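Right after this note come the structures.
One chain, chain A, links the two complexes that follow: it is found with chain B in the first and with chain C in the second.
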Partner chain A sequence: MNRKASILILALAALHLALLFTGFLAPSDPIAQDRDLPYAPPTRLHFRDTSGWHLRPFVYALQPGPDAYTEDRSQSFPVRLMVRGNKYKLLGLVPLDWHLFGVDQPGKIAVLGTDEFGRDEFSRVLYGGQISVAAGILATLVALTAGATFGVVAGYYGWIVDESLMGAMELFLCLPWLYFLLGVRAFLPLHLSAIRTFFLLTAVIGLIGWARPARLVRGIVLTARTRNYVLAAKGFGGSDFYLMRRHILPEVRSVLVAQAALLVPRYIAAEVTLSFFGLGVNEPTASWGNMLSVLQRYSVLVSYQWLLAPAVALVITSVIYGLLADALLSRLKFQST
Partner chain B sequence: MKYLALRLIRAVLLLLGVSVLCFLFTEMAPGSFFDEMRLNPQVSPDTIASLRSRYGLDQPLVVRYGRWVRSAVRADFGYSIAYNSPVAPLLWTRAKNTLLLNTAAMVLTWLISVPLGVWIATLRRSAWDRAIDGLNSILISLPEIVVAVAVLAIVVRWRVLPVGGMSSVDLDALSHWARAREIATRMLLPVMILTLVEGGIIVRHVRAAVLEILDAPFVQASRALGISNVRLMLRHVLPVAANPIISLFGLSLAGLLSGSLLIEAICGWPGLGPLILDATLARDLYLVIGGIMLSTLFMLGGNLIADAMLLACDPRIRTGRANES
Partner chain C sequence: MKFTVRLALLVCLIAMPSFASGSSPEKPNPAEELFRADQTSGHYGGNLSIGGRAEPKTFNPVIATDAVSREINGRMMADLIEINRASQQTEPALAKSWKISPDGRTFTLQLRKGIRFSDGQAFDADDVVFSFGLYLDENVDAPQRDLLVFDGKPLTVTKVDRYTVRFSLPRPYASAERLFDGLAMLPKHLLEKPYREGKFVETWSLNAAPSEIAGLGPFRLKQFVPGQRAVLERNPYYWKMDSKNQRLPYLDEITFLFVGTEDAQVMRFEAGETSMISRLSSENYNLLAHERDRTHAQLVDMGPSLEYNFLLFNQNDLSDKKLDGIARKQKWFRELTFRQAVSAAIDRDSIVRMVYGTRGVALWGNVGPGNKLWLNNAIPHPQRSLESARNLLKSAGFSWNQAGELLDPAGAEVEFSIITNSSNAQRMKMATLLQDDLSHLGMQVHVVPLEFRALIDRVFQSFDYDAAIMGLGGGDADPNPEMNVWISSGTSHLWHLHETEPATAWEREVDGLMQQQMITLDYGKRKQLYDRVQELIAQQLPFIFLATPNILAVADPRVGNFHPASLDPYTLWNADELYIRTPMESAGVR
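Coming up: the complex of A and B.
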């Protein structure tokens, strides 16, 4: 079990590192369009030409043909590691123009093909992942912070505070959350800058979700409150705040971690869903949701399968998080029995 | 009975909370009819004030809330700007389609999931059990939107099912049977996706509930007495394991109106989902609020029915010792 969990955690770490270093890993600018190459299929890597085999793979430029792209075999572009390309800021701080891989200038490499504006799908999956996953994580932080605060307060003070907070929790739990999310979204202006939409969305998604963690936390606090060491600390004159921080929150921590693993993929999916319907992060900023929304046209869905790449990325992320949440939850159950 | 009464009071309180929330939503809706009038220099502020008092907008919040509730009870949720018609009939026609879709999906899901869950539980932690459970946890962690898009991609690519909408021909021109068949074939795709999305969770819970009971001493005793496996399951294990399953059933019921928004929109099913989605995009606020209220009402109703069923099936709740087992 531990082994499985650590493998999952390693995979998650790799995923998030890749998203952190997106600028370096992505060969091109995610919003740079190339109107000559819409819906280009994934670039093929070649190892052999007329002069024989090569150790270093190379690509050919694509030419729009009558019904499909053809490769222009007259000139080849070897794939190089550590090439200079478009400028970006590593971790949002260090201006750089080094990329992990790429080809020499007039050549182009699109590992996962291009979208309708000829933008590199691979770069967009990475940059879009930054937005979607960050939205999921931030919204989870909001939900867990609010949930833990209200849960601890409700469980610790009891009586009327508890009753009223529990009522509010139940109210939020029985709201159909996607409808509610749409309702809240209807009040916000439709067109906002990408950054503002991003923060508003994460706040809304997170605030709608506070009830479930709050209820869990409350349950734990109810039992923790009567433990002898808590009562002892109280007897020695510990303030409410001190007791909550020092003795009660640590008991809640493992539950919160498991909840986080459960909520992050759910909130990523929430952002993806909203952006999919054009209610979230808008073009040209990439997010997995708005990248998938071209698939609402059946013709695109049938003809350009590589545009399913963000869905695959979303599946990988969700499955890793989901399995980790399973492992953490079963461990919690094991500990409590 | 006392238990049910308490739950009923609770539900009414929740309904009250929801209505306050929805009312506040309505109140917060930016812009009013008089905003435009105020810009018109030919309309004096006095006229606007008298109009406001005629429509009761100068009353305190509580009075306005009372009036709002009175009209909401009569299913008057306001006026849709985009459709230029009252909200309630719009919602009802769409809600019927959603209910049809979700009821079909729910029946299918439960008919498949419960036997499957019981069967997996009887495998008792063998390699098969573990393999199926592993697959199931992957299925559960797949986001709804991905399942929908993936199934749609497969169906569209191989043209195995008709896609989009509820029918391709004029329904009124068809006989009853032909109409039913047309709708059923169109419904197949969204029902399939819904079953995939919902089924995994139900299978997992049924399996867990049954597994727990299978370890109980009374099961071993019945086995020792030579009861057949089928009878053991149906007569002795399932009733005891029913509690969490019924709660889950209540959740299914509660989601009858709101569970399929995404899938309706993706499959083009003319239900409540696409209506509310379009209304959100068109900022048709009263329609959105009406949709939220209707689906929340269903949520509350579903939860209440689940409570009643729990009460009927589980003697531990009747005697007020629900959490002792």
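Coming up: the complex of A and C.
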């Protein structure tokens, strides 16, 4: 295994673990508003006060001023590890109230600042990442499952099956998918719960995206089915299903993995785009897209740069996935030569 | 030497068009009865650029309904009697004086003598009679027609002599002189032919040549470039002069640039491409205020507007619609204690702080502190209290389950959605705050952003919504324009449209009071009647009032006589008095 790919896989694992353990890592409830602290800048960590230097960092409370927030230096709040805070369910199952870090009440730590309702941006980036990344991964699974099935069937049987499936695929490929998604979302009922919107979104994104992997898979299957061992197995009386499962799908596997690494960031971006336009997951549930939508307002864009955090997270995630896809593809090429 | 002289001449020639653009004003002559603005001074010259959201739909003021068309047409047209936007009182315009008969039904107006349209043709009583003929013609379908018809009978206009016109109303009407504001007087000599040929509605469209359009306003059309700009130039025959007997307006030209959203307007303003923004959100106001030390922009906070934003529950009659889900929820929406509980749970102070950045005020009734003449000060302003909200719900039989969710007396979860206009960031923000406020009562509220037309369609036509956040008002301080909201048969009686007769006793009482105030001529008595209306509305909460923004405007430091008002049009109402300061003058102002 090449070293670059393993580093990337480690980074990816870390990212997804962070999203799995969001409740523990996030210091605050992502939908709890603090109406005294809208648009508060990232909390500054201090190591030094009037009494001298401290090993343990601490923060001060913010006071709204006429122009900007000022720090209230009369009381400091040390940053502690393993503190109790709002309740959450770890992995959606275990109810807990432990958090990795935090400060004592009534102090508040917002490492990435707060949004227009005084909600902690860092916690929202993590919780929003759960929605956006999960949407990307689920949509990719849907697209790859559909793509692999149709691709294998079309490539294996050929003739009319191939013609009709590939025709449908061409049609899907030339769809302007963003406009199509906007249209589809507009047809759906208005007040859907966040969960249902989420699943609908992933289903729609995934079902539109099956064509490209299907075409790739079909190409591989076309060559694979004429290989000698496949013909031999056929000669021994192997059923179609057995041949596809035992001999053809394994050929396709590595292509699918590389495709997955390519598609996940693309579908995360699709979810972000839809939520950005207000067609995805609705307030107050966080997603990277609806968090970014506030930046459509000029005054916000030029005044509160920390609200770009979800965009940074999206870029980092996409770059890791992109590099991984690159590494996987070059490995594939290496194998095939 | 010769070279320098030539150069100087060349420079002068190049510079000439900018000084000479627009037509130079005619010297006032004694035969004209001009209006003298005693407080006004300034000097000629200059072009004012203004960014607008969209382009106008028409230059025909009789059929214009959109705000942009009205804003531009308003600079080219004039009325008989105007509402002074600064004092909110009526003042003479094309009519130099008027008399009201003791029964309040006959108005006799004396027109200014010797004044001319922007094409140089004289204006007299024939034009007035012709113009009102247009407004009253059902085939023309002017939006102003409703104002001129009383109980199905139109007012009548008669020419007494060349400069005297008499208006007869079928019944007395309070502050009828305010009706004249917004009814532009039109040139009979240009419009009679197309009107007789049945082509009036198509005249003065966006394709019309500037020379075909004439009005009595301070400016006239010079050029219209679709999608880009409309340029107005000085009307050289305008009927107002300043304290030094110079004919107004001062500006050579006003250019309206069609730039789109408010954000785009702010960017154009910051880039120096435009000199004024009529209506700013508090966020953009604060943004520009941060740069004031560098830009010296004139930022004006006019205080609370007359607009009111509110939460509205759907109480429409849904019996002939297939909306069972909503009909079920209407049991709550029609329950006064439910609405009272919602109102008590709303944190209006944080709406003012977070939505308007403290540049706004909380509201508990339809008339806010911006309307000093009509505000009922006795309306209580209860502070937010979740405690009393819970008690109210309990008293109406609501309860809570283990998870803290609110259940109605039948045991169903209280869950509804609030629709609002997705392009209005402020109302979107209010909706999210309300969602959070009401979650403390165990109500599950969904915020559904909708495109504006879809929202209007749901509220006015299909009634397919639970609750909505909307805004109304802002036109005039007088109660009469509010008739269509509060009268049970009114076209904007939003919570229950198309009532054939008042659905409740209090609506019946409001109907009576509103009708009564309309025919009462004495201000004190009218105020008493309208106070009672406000009291009933605040008690019955057909709308749950939230807040009103301040009127915020900005202009380049070079714009002189910049006096925004809290009535629409906020900044351009005194366009005839605006002028461009010289760099020396601007420095003095700083």
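Just so it is clear, the second predicted complex is superposed on the first by the 334 of 337 C-alpha atoms of A that agree within 3 Å, B and C clash if a C-alpha of one lies under 4 Å from a C-alpha of the other, contacts with A are read in each partner's own complex, and residues count from 1 in each chain.
As a convention for this text, contacts are C-beta pairs under 8 Å (C-beta built on N, C-alpha and C of every residue); 3 or more make two chains touch, one makes a residue touch a chain.
Here the structure is a predicted model, which is why all the values come from computation and not from measurement.
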Task: Scan A:54 for contacts with chain B and chain C and give back first, second, both or neither.
output: neither
Query: Looking at the overlay, what does A:175 touch: chain B (first), chain C (second), both, or neither?
result: first
Query: Touch check for A:315: first (chain B), second (chain C), both, or neither?
result: first
- prompt: Which holds for A:245: it touches chain B only (first), chain C only (second), both, or neither?
  reply: neither
Message: Taking the superposition on A as described, I'd like to know which of chain B and chain C A:253 touches: first, second, both or neither.
response: neither
Task: Scan A:278 for contacts with chain B and chain C and give back first, second, both or neither.
output: both
- prompt: Between chain B and chain C, which makes contact with more of the residues in chain A?
  reply: B
- prompt: Looking at the overlay, does A:227 come into contact with chain B only (first), chain C only (second), both, or neither?
  reply: neither
Message: After the superposition on A, what does A:302 contact: first (chain B), second (chain C), both or neither?
response: both
Message: One more residue to check, A:84. First (chain B), second (chain C), both or neither?
response: neither
- line: Both chain B and chain C touch chain A at residues 190, 278, 298, 302
Message: Using the touch definition from the top, list the residues of chain C that touch chain A in their complex.
response: 263, 266-267, 281, 283-284, 286-287, 290, 347, 350, 353-354, 417, 419, 422, 425, 429, 432-433, 435-436, 446-450
Residues of chain B touching chain A in the complex: 10, 13-14, 17-18, 21, 25, 28-30, 137-138, 140-146, 149-150, 152-153, 156-157, 163-164, 254-255, 257-259, 261-262, 265-266, 276-277, 279-281, 283-285, 288-289, 291-292, 295-296, 299-300, 303
Of chain A, residues touching chain B in the complex: 167-168, 170-171, 174-176, 178-180, 182-183, 185-187, 190, 265, 268-269, 272-273, 276-279, 292, 295-296, 298, 301-302, 305, 308, 311, 314-315, 318-319, 321-323, 325-326
- line: chain A contacts chain C in the complex at 31, 33, 35, 38, 67, 116-117, 190-191, 193, 278, 282-284, 297-300, 302-303
